[in-house]
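Chain naming follows the written order as A, B, C, D, E and F, and within any one chain the residues start at number 1.
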Amino acid sequence: MKETDSLTCSDLRPARKAPQTAIGQVLIEALPYIRKFERKTFVIKYGGSAMKDLCLKNSFAQNVTLLRKVGINVVLVHGGGDAITKTAEKLGITSTFVHGKRVTDKEMISVVQMTLAGKVNQDIVQLISEHGGKAVGVTGLDADTIQAVPCRDAATLGLVGEIESINTAYIDLLCKAGLIPVIAPIGFDDDGNIYNINADDAASSIAIALKAEKLIYVSDVAGIQVGERILKTICKAEAADFIEQGIITGGMIPKVLSGFLTLDGGVRKIHIIDGKSVHSLLLEIFTHEGVGTQFISEQDDESNH
Amino acid sequence: MKETDSLTCSDLRPARKAPQTAIGQVLIEALPYIRKFERKTFVIKYGGSAMKDLCLKNSFAQNVTLLRKVGINVVLVHGGGDAITKTAEKLGITSTFVHGKRVTDKEMISVVQMTLAGKVNQDIVQLISEHGGKAVGVTGLDADTIQAVPCRDAATLGLVGEIESINTAYIDLLCKAGLIPVIAPIGFDDDGNIYNINADDAASSIAIALKAEKLIYVSDVAGIQVGERILKTICKAEAADFIEQGIITGGMIPKVLSGFLTLDGGVRKIHIIDGKSVHSLLLEIFTHEGVGTQFISEQDDESNH
Amino acid sequence: MKETDSLTCSDLRPARKAPQTAIGQVLIEALPYIRKFERKTFVIKYGGSAMKDLCLKNSFAQNVTLLRKVGINVVLVHGGGDAITKTAEKLGITSTFVHGKRVTDKEMISVVQMTLAGKVNQDIVQLISEHGGKAVGVTGLDADTIQAVPCRDAATLGLVGEIESINTAYIDLLCKAGLIPVIAPIGFDDDGNIYNINADDAASSIAIALKAEKLIYVSDVAGIQVGERILKTICKAEAADFIEQGIITGGMIPKVLSGFLTLDGGVRKIHIIDGKSVHSLLLEIFTHEGVGTQFISEQDDESNH
Amino acid sequence: MKETDSLTCSDLRPARKAPQTAIGQVLIEALPYIRKFERKTFVIKYGGSAMKDLCLKNSFAQNVTLLRKVGINVVLVHGGGDAITKTAEKLGITSTFVHGKRVTDKEMISVVQMTLAGKVNQDIVQLISEHGGKAVGVTGLDADTIQAVPCRDAATLGLVGEIESINTAYIDLLCKAGLIPVIAPIGFDDDGNIYNINADDAASSIAIALKAEKLIYVSDVAGIQVGERILKTICKAEAADFIEQGIITGGMIPKVLSGFLTLDGGVRKIHIIDGKSVHSLLLEIFTHEGVGTQFISEQDDESNH
Amino acid sequence: MKETDSLTCSDLRPARKAPQTAIGQVLIEALPYIRKFERKTFVIKYGGSAMKDLCLKNSFAQNVTLLRKVGINVVLVHGGGDAITKTAEKLGITSTFVHGKRVTDKEMISVVQMTLAGKVNQDIVQLISEHGGKAVGVTGLDADTIQAVPCRDAATLGLVGEIESINTAYIDLLCKAGLIPVIAPIGFDDDGNIYNINADDAASSIAIALKAEKLIYVSDVAGIQVGERILKTICKAEAADFIEQGIITGGMIPKVLSGFLTLDGGVRKIHIIDGKSVHSLLLEIFTHEGVGTQFISEQDDESNH
Amino acid sequence: MKETDSLTCSDLRPARKAPQTAIGQVLIEALPYIRKFERKTFVIKYGGSAMKDLCLKNSFAQNVTLLRKVGINVVLVHGGGDAITKTAEKLGITSTFVHGKRVTDKEMISVVQMTLAGKVNQDIVQLISEHGGKAVGVTGLDADTIQAVPCRDAATLGLVGEIESINTAYIDLLCKAGLIPVIAPIGFDDDGNIYNINADDAASSIAIALKAEKLIYVSDVAGIQVGERILKTICKAEAADFIEQGIITGGMIPKVLSGFLTLDGGVRKIHIIDGKSVHSLLLEIFTHEGVGTQFISEQDDESNH
């Protein structure tokens, strides 16, 4: 996290003005996207430095509020693993992980609820409010929004769930009212169990259920990297090649596969952008160039971000 | 709490059937209230045994769901002092009270948020869901709903707040969509402070802001008692007399005064009903007799509950 | 009519109060039906003692008004054979019946119109008005509502008709406006003839045309009786058995067959209830038990009345 | 009634065609009125030969249907004194009149209801139906439309009423649905009494309550006659002069006074036209000349009929 | 043009009044057409004497305004060849015609635009305004309404175009707002070329695109003449016969063929009427007889004009 | 016009890209204006080099189309004096000017109509169409939009008019439909006279009548110049001072006075911007800095452009 350490709030102060012709160009480029994306839905998975560093938090909240103000339906999904571990510690409860997933018993699910729904979620709501947006905290229990089932490794992991179905009515209601739903990925089943759900997976399921225009991952991963270069665009066939050739490796493989599954589910584009860079959200959405990697089905979709 | 101790879930099983003519009478009496209260708003302060005893919780959730299903806008406001104390204890934090109010510093407000918004609130949402209703957890931060200011004793009490204004748009949106808002009384101010607010006071402010038809206190107090008798109705003048004559005394005095202030604020009726009795909510609303005490402005309003 | 002779208006006075728990049960049972039946259409064939006895008339009008007030579209169809015979007598005209049907010549059809549309119908309209409902007298001529053709025995019976088609637009208009259509079963054909139509048959045709939720016969027949017992529910297969076994006999056979034809026409339930019992209409609709016999297609539809 | 005796149905057959230029003129003159009167309300008091002679009845029904088809809200009010007397006779009841008004006891009001609502009204509904219009019979009892009080001479006349108030909701509903209300002037009071009301008076009250554009009297009086001439227009001041000078005399005086009272009540124009002349209704409404007498407040309103 | 020479404005003054019965007949005949044609679209090709003679211009504008006022969507299409030739002359440009079509180079298309769009069109707009209508000048460029391609003889004729497609949105917008579009038949293509389009062809394409009820040619041709007689109606089969038998000949043949093509395109009727006769438009539309020739598909459509 | 001579179309090609942070800043600055100006009306007076130079014409059309696409109601008003003079010349008509205003007789007004409405206006419509906008040519005669009276110097100037009233219904209709009205300032009076109206004055009257948010003058005047500097903002009091002190002089004085009159008429801001600079329209509207001079009532309105 060296990069963000050196980042100061001065980055949010006006930069040296771009010359007028350049400003004109930026506007000519950006304005058509606004009309194009009006009333479209963007699901944003919010995590990493953008959720911790004060400057980045402010930049993110400012961007999200602007997106909502120009008529885009913005839906946030957040995790909060570190915070949960800290609360558990204070309560004298040890966190155990199997394959990176938190073992979650009855006691731990209470800690998850208290921390995610009671604190992390409300902090995001408040952050957006401070930048002039109106956000609403949502858990999967509210209006029966996220119905879950135990995950495959339930024997080991306990109350870790997978999404069975999303009831979109409540999220749609909030979007139509100009509000920003901030979703803590907690689900329920008909037997009264509460489940802890992986936030990346929840974001994907929610984007599919909402027939979202975009699913945007804001994290400390700046995009799909090939050598020195961040790919601007990646299509399904290329991804398969890169994986086969050992160019995309390790933890990035499941991320890439999941992205294309979400595309197949009907979401028009998936974006991975760098949460450590100010305004990356606006730049990805309103410039032809973009700043991260977008996933598309076919190569000829590459044009506009 | 002796009364509820002896209560078993059998109270929810069908009683010996009333004879047919009597059933007809009940219906003739109840049906007109349904049309009368359609699309009216009832704010219900939920607390006491009805929030702890399993049978009473189920009966309450069943009643609330029915009220919503027959078209009444139901808004719940809850407290949760005991739960907060317990969570604080587990975290090794001591709760201090001055004149019955919790001293709330930065650390404690986090405990309040986690417990009220993260756990107590979500448990009520889930309880209603199990009875077929659709509830939504709401804190004062969501959609900027509850703007607060420090209370008078802020020097001593810290982040204990009073409601400055209620932004009703979000609550109205939820009610119009047939959802049941379940409100945790947490407020915010423009400087980014979060406040712990007394639930009774919050319920009163919310009822006034929503121009509610009724504010109903469901608690372990069965109504205004005069000698052996629970008063069916009390008007302003009577209340003044009873207080002067020492018939209403002690902790009941501020409750009564607050009730009449809420009436003056434009809420049409205030009810105090016994949460320890099953179906008390339905009986108070749909029978001429009622089961608790209703506050009215003038004696001639006494007719229909 | 011995039963109703002993009935006095005291039956409409409050019975000894049912105990509170029982009242709660009645409400818990009744309220869901209200939402279920909102904006649904109930066609009620009104006849027998409930149209003659003062107490029963008042009870019926009170029930009908309540049904309308809780949002049910109520459509009444009435006959009036006795009244027609009386008017005919006063005018010195003899009534002749063949197989229970009135021989109707040009002179007699005028008597039918004057008596049914001019008097019986208007008396029902007025009765409902006195109980706070808004009813509207309707004949088949109004807005071309009932198109008729001569019945099979027209050679003998003259202007006795069968319904060819129902123009539902006018009835729908009245229902949507919260009015109660009170229909006198008089039809017309394109050659300017007016027809006298059997009220039971008219009710069935009207219920089918309106895609009614229920067709309810209020008469002096309390239901389908098997031995001592009134059947709560009867399905098609059972009815066939009972008829074959000689358990259902005589005049009841055509009634039963007609009921199942109406079911086949798309009306969801047919009810036969006892007009001699006060509030039988409310009890049949708002209790699980009911008081009469309901016709259903298959045995597994039996649940809720 | 000599004039109508000689009238044959040939009058409804096409006349020798007017030459083309003349036809063009008629259209140029008529078309603007159609737009002008769209969605305006015309109350038509229907009586005299136009209600008895077959040709005139057909011509009237054809005209009324056309008015409705071009978008005018047509409301008919009819009497039926002769028919009532005949029915009473057949029932062996003697009709007694005091100052031209029928003495009406309980028995007689039943005769009035049966004859007016059951027969005369339904005959008009059927007549209009045969010409392609959709009419609906209405009495003052339907939807509580006409609330009445006893007239001043109630001691002598019995159940002869005056209109206390008109509930216009039902009439408006019918007009908006494109239906033609045909109103029998029978009223009710809160004590359950039914009243016989003078049809001319009812038409005037109904026109005022509906804020009608026109009240048109179709009867055997062709207009206000001064010497040989039928006045095309009469204003208030002229009427006063004519009465003072003895030019308007006898039974015409109350008619004229009542017309101006109706004007004062807010109806824009009153017309008296000759029911014995075919198409007089269309000619009065769609030509500059008109055929009868129109009542206007001030002389400068005289232009367009 | 002898006929119109002798025509004076007195023809617009009221003719000797038709007798009242005849007026009634005219109305009885005309009124149903008004309802029938309400919100239907009539495309009128305006040309010939009706566009030059002052009296005929006024009569035409009066008729068109009336049609619009009674709720018909009137769309005018006009040519203006003579005016273009005159302007060209003044600018010292010679007009050349090949097979009756104007050779149109870049310079000439400017003359066409200036004359048609700038003058002829605006004169019609003003003429209608003077008679109380609200007209709007439209060229094919406005809102991209008429997309054109070069005509077959483009090599010889230059910028003479044929209609490729009509964008009806703007015309529909104007009609719904009660305005009268007055269309100058000028089209454009995607390469920035402007085309001169034959007005008769434009009228046909526009009528088809608008799914018009009628296309009416107002010109100096009074209809299809067979011997002395103007045919009232002509169907497809008859037309084929007449052409084969040499009864319809010369320049009338393409007109007739084009008329039936327009019918096939979905326009319900084509009318050719005499622009030299006052009110011919109203007479054709609002009388059974009509004054010109109507084209129908099958003989049994002949009834009402 | 030296400046524009040196301008080449390369100015429309992308400039060297601004660095990303700067792009982010431009967006952060611009986006809020979009929501702010949605459905607001901007009247743009179009003239000078921006109407002649090909690059500037394209830039202007691109900007105008973008403004419309982001939801702003754009209304253009144009003049065309040079073109009129040229057409007149070709027709052998001499143009005479008094105090800079064209002497306009009957012949000249025809030249004005043909040139402005027939050619200049249609060229602008076509230009916008080529950039993807939908424009509609409008003259004051269309839908009776501009009612005029003779100007004060009518004795000398002839048919030069002043605007008496604007009928905004048609312009509003076009704006609501997403179309861009392009208005040629030609008016009419009730006597059938057509008037030539000064385009600046027309723009001002139209902006006031439409209650426009902005009136923007695009011409070769870059703003109010004080010494070397273009004023960013000028308020009423300052303007008075500058005129008194001789800083604003000559032809600029009436422009400034007219601007403040338009402000007083209810238009929120007046802008003068440099038509010779590409994208000046977008820069003025979507940046805090702006590029021209804005007129405001009071100094404290200065903030956002």
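Here, a contact is a pair of C-beta atoms (placed from the backbone, for glycine too) under 8 Å apart; a residue touches a chain by one contact, two chains touch by 3 or more.
This one's a predicted model, so the numbers in the text were calculated from it and none came from an experiment.
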Shared touch partners for subunit B + subunit C come out as none
Whole-angstrom distance, CA centroid of subunit A to CA centroid of subunit F, is 46
Taking each chain's centre as the mean of its CA atoms, subunit E sits from subunit F at a distance in Å of 37
When centres are defined as mean Cα positions, the distance from subunit C to subunit E in whole Å is 62
Expected list for subunit F, residues touching two or more other chains, is none
Contact graph of the chains (line, ring, star, complete, other): ring
Going round from subunit A via subunit F, the chains run A, F, E, D, C, B
Listed in rising order, subunit F residues that touch subunit A in their complex are 11, 14-28, 30-32, 34-35, 62, 66, 69-71, 277-279, 282-283, 286-287, 289, 291
Listed in rising order, subunit F residues that touch subunit E in their complex are 87, 90-92, 110, 113-119, 122, 125-126, 129-130, 134-139, 141-144, 169-170, 173, 177, 179, 188, 192, 194
